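Next come two complexes built around subunit A: one with subunit B, the other with subunit C.
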Partner chain A sequence: MLDLLLQNAHLIWRGLSVTLETSAWVIAAASVSGLFTGLALLYGPLPLRLLIRVYVDTVRGIPLLVLIFSVFYGLPAMGMQISAFVAAVLALSVFGTAHVSEVVRGAVDSIPDGQTEAAKAIGLTFYKRLRYVIFPQALARAIPPWTNTAVELVKASSLLALVSIIDLLYSTEQIAARTREPLLFYGVAAILYFSINYSLSLVGARVEKRFRYSS
Partner chain B sequence: MGLGLALLSLAIGCVIGILAAFARVYGGRPIKAVATAYTEFVRNIPLLLIIYFVFYGLGLIGLHLLNNIWSFVLALAIYSGAYLSEVFRAGMMSVPEGLIEAGKAIGLTPRKTMQFVTLPMTFRIVLPSLSNTFISLFKDTSLAAAISVPELTYGAMVINTNTWRILEVYTTVAIMYLITCYVLAGLLRLLEKKYAMVR
Partner chain C sequence: MSDEVVLIEKLEKRFGELQVLKGIDLAVKQGDVLAIIGPSGSGKTTLLRCINFLQPYDRGRVYIDGELIGYKEENGRLIKRPESTVARQRSKVGMVFQQFNLFPHMTALENVTLGLVQVKGVARAEADDIGRNWLEKVGLSDKIDSYPAELSGGQQQRVGIARAVAVEPKIVLFDEVTSALDPELVGEVLSVMKSLAENYHMTMLVVTHEMLFAKEVANRVVFMDEGVVLEDGPPAATLSDPKTDRLRSFLRRFEQIL
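Then we have the complex of A and B:
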């Protein structure tokens, strides 16, 4: 059993690195664009706000798998040639952006109105209000749901196995089929996914502690 | 098909979730540790992995009674059980202490306090999070396509291979999911209005 594991370790490692790489790209992309769409949801002009609301609710209302299939098979059908990896990162980022923008909106919305009013009263401009009053407080509240979203995105990257991207799950599937040891190899994959996500949660909890204001 | 799968898995998941939540709130140390480990572990691994594990793995250790539909239901139940135990645990812990004490004061046995005070209150507190979980479970039934359970996404894949009309098919499927989710959300909101606690 240990032999089998060692023989296939390099394949598992290759799958793991693909999972880590896609997850890192997707989390970064979704966080940046989600921040902007979240802010647009809060402060944007009405038409933009409506547009983004429709986007967010649509993406959150359809299964991720359908989204992945539409990007992966749909864009080439429209004549756009993109690599499998780019399509994968794009589909997951579209999904992640919707979730992060809700996180941003929720965190800012949970800051009492009095804070904004007080900031206005002492004459801070819009940007200064965000920079010095709203963001520092919203950050601490955004981190726990943001960590959850990051964990969801790592888990979501496993769906890429269904469009033949050789991530951790797909390489495990191939090894399990070849060696006929599904329990062993799926168990290993489960432990690996767990370690990634649990350490993400731990880091999130630490960072949150660091930014929390005594309120 | 998708709805039926979600409903069945949710029912089983609810039972698992309530038991695990009980174990975590009222259980002794070892039981508590087991239930917490189950919840934390399952919540941190992908559903697709659990599906493969149940579908391909359990057959090997002699559980041949599961076909693809039942293995999917089992996998989704295990997955949702972990999320629901978290929901129920939060609900049980937020039943006001005073109510439980009041139950004791009028002479209810611990079991009756549980039956008539804690559990009904828990249900009413968790209803909103329960409906969120149910909607995301419904979306997760799309993963059943991975082991060829004939539900909506699988249907779309079959039509695609036959007709190659990818955009039309996925747009239609997306709209169908979207409408179902909104109808579900609306129905659950009605239920919440009727039963949820005003807090």
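Then we have the complex of A and C:
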């Protein structure tokens, strides 16, 4: 059994690194763009708010797999030649952005109006109110749901196996079929997915603690 | 313009169907301490919030130091000023809130110095000196590094006052600042306000239900009812010898204090 594991370790590693790389890109992209769309939901001009509202609700109402297939088959059909990997990262990011928008909107919106009013009253401009008063407080509240979203995105990356990207799940499938040891290799995959996500949760909890203040 | 710090002309504000301010005229001189009294719903708080443009007004004018607040006037029409201009105008007006509204992630000193550093551009070290000094004046020299959650309501409100006055505003607005406090903590906040008036000659607009403060500290009492100013004069006149029935009946429930 150990032999079997060692023989396939490099394949598992290759799959794992694709999963890690995809997840990292998607989490980064979704966090940055979600920050802007989330703020636009709160402070943007009405047409922009409506546009993003429609985007967020649409994306959240579509099964992720449908979204992935749409990008994977849709963009080439529209004449855009992109690699399967880029298409996959794009699809997951579109999904992640919608979720992070809601995380950001919810966290910022949960800060009492009195904080904004007090910040206005001492003469802070819009940017400085966000920078010094709202964000530091919203960050502590955003981290738990943000960590949830990040964990969901790591798990969602396993759907990429369906568009033939050899991530952790797909390489596990291949090894399991070849060695006829599905239990062993899916078990390993489960442990690896869990380890990634548990680490994310730990980091999230630690960061949250650092930004929390007694209130 | 004249020597008035605050000049309010025919100020009107409505929320939907409800007209909260129905043409307020008020002139406040340097060093004036106004106690603004009246039943709830009379527009006192809205008046304060229009002065620093937390609440944009519909009609009329608010001038601070001769500068029209929140709008510029073109051919008699009011056109909203950009956010950055309004922010600069607000820095001339301090405000203390009923619910304190301290920044919970900052220490007492950081609460007081934020405006100095980020609005007035004072250097960190100098801002800390000014901040410490004000916290000392409000009796909190031992709470400089405490967070709001570690302070009592009265202490939080005194930080709120230090935060409002540290940036050297032309006037300070007090919006029912003792209403959320336990009765035994009211005195410490009122005595700080009294000292601001007597020792620093600050111009203060105080919305309050504390009739003793109105009587002993204010030099003018302004009585508002249903969105208009019904009486405006020295406390000796307004409180002891009200001219309107409205004020007379309003004061009846404070009879034992006055």
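The working rule: the second predicted complex is superposed on the first by the 215 of 215 C-alpha atoms of A that agree within 3 Å, B and C clash if a C-alpha of one lies under 4 Å from a C-alpha of the other, contacts with A are read in each partner's own complex, and residues count from 1 in each chain.
The criterion applied here is as follows: a contact is a pair of C-beta atoms (placed from the backbone, for glycine too) under 8 Å apart; a residue touches a chain by one contact, two chains touch by 3 or more.
Source: prediction; values computed, not measured.
Trainee: For A:161, using the defined touch cut-off, is the partner it touches subunit B, subunit C, both, or neither? Pick first, second, both or neither.
Mentor: After superposition on chain A, A:161 lies in contact with subunit B alone.
Trainee: Pick one for A:137: touches subunit B only (first), subunit C only (second), both, or neither.
Mentor: A:137 contacts subunit C only, not subunit B.
Trainee: Touching A:125, do we find subunit B (first), subunit C (second), both, or neither?
Mentor: Once the two structures are laid over each other on A, A:125 reaches subunit C alone.
Trainee: Looking at subunit A, does subunit B or subunit C touch a larger number of its residues?
Mentor: In the superposed model, B touches more residues of subunit A.
Trainee: Which partner does A:146 contact after superposing on A: first (subunit B), second (subunit C), both, neither?
Mentor: neither
Trainee: Where does A:193 make contact in the superposed view: on subunit B (first), on subunit C (second), on both, or on neither?
Mentor: It touches subunit B, and subunit C stays clear.
Trainee: Let me test your reading of the model: by the given contact rule, A:25 touches which partner, first (subunit B), second (subunit C), both or neither?
Mentor: Touch status of A:25: no partner.
Trainee: Where does A:115 make contact in the superposed view: on subunit B (first), on subunit C (second), on both, or on neither?
Mentor: Only subunit C is touched by A:115; subunit B is not.
Trainee: List the residues on subunit B that touch subunit A in their complex, please.
Mentor: Result: residues 40-41, 44-49, 52-53, 56-57, 60-61, 139-143, 145-146, 153, 156-157, 160, 166-167, 170-171, 173-174, 177-178, 181-182 of subunit B touch subunit A.
Trainee: For subunit A, which residues are in contact with subunit C within the complex?
Mentor: Listed in rising order, the residues are 112, 114-115, 117-126, 128, 132-133, 136-137, 140, 213-215.
Trainee: Using the touch definition from the top, list the residues of subunit C that touch subunit A in their complex.
Mentor: 52, 54, 83-84, 87-88, 90-95, 97, 99, 101-105, 114-115, 118-119, 147-150, 163-164, 167
Trainee: Touching subunit B in the complex: which residues of subunit A?
Mentor: 58, 61-67, 69-70, 73-74, 77-78, 151, 155-156, 158-159, 161-162, 169, 172-173, 176-177, 180, 182-183, 186-187, 189-190, 193-194, 197-198, 201
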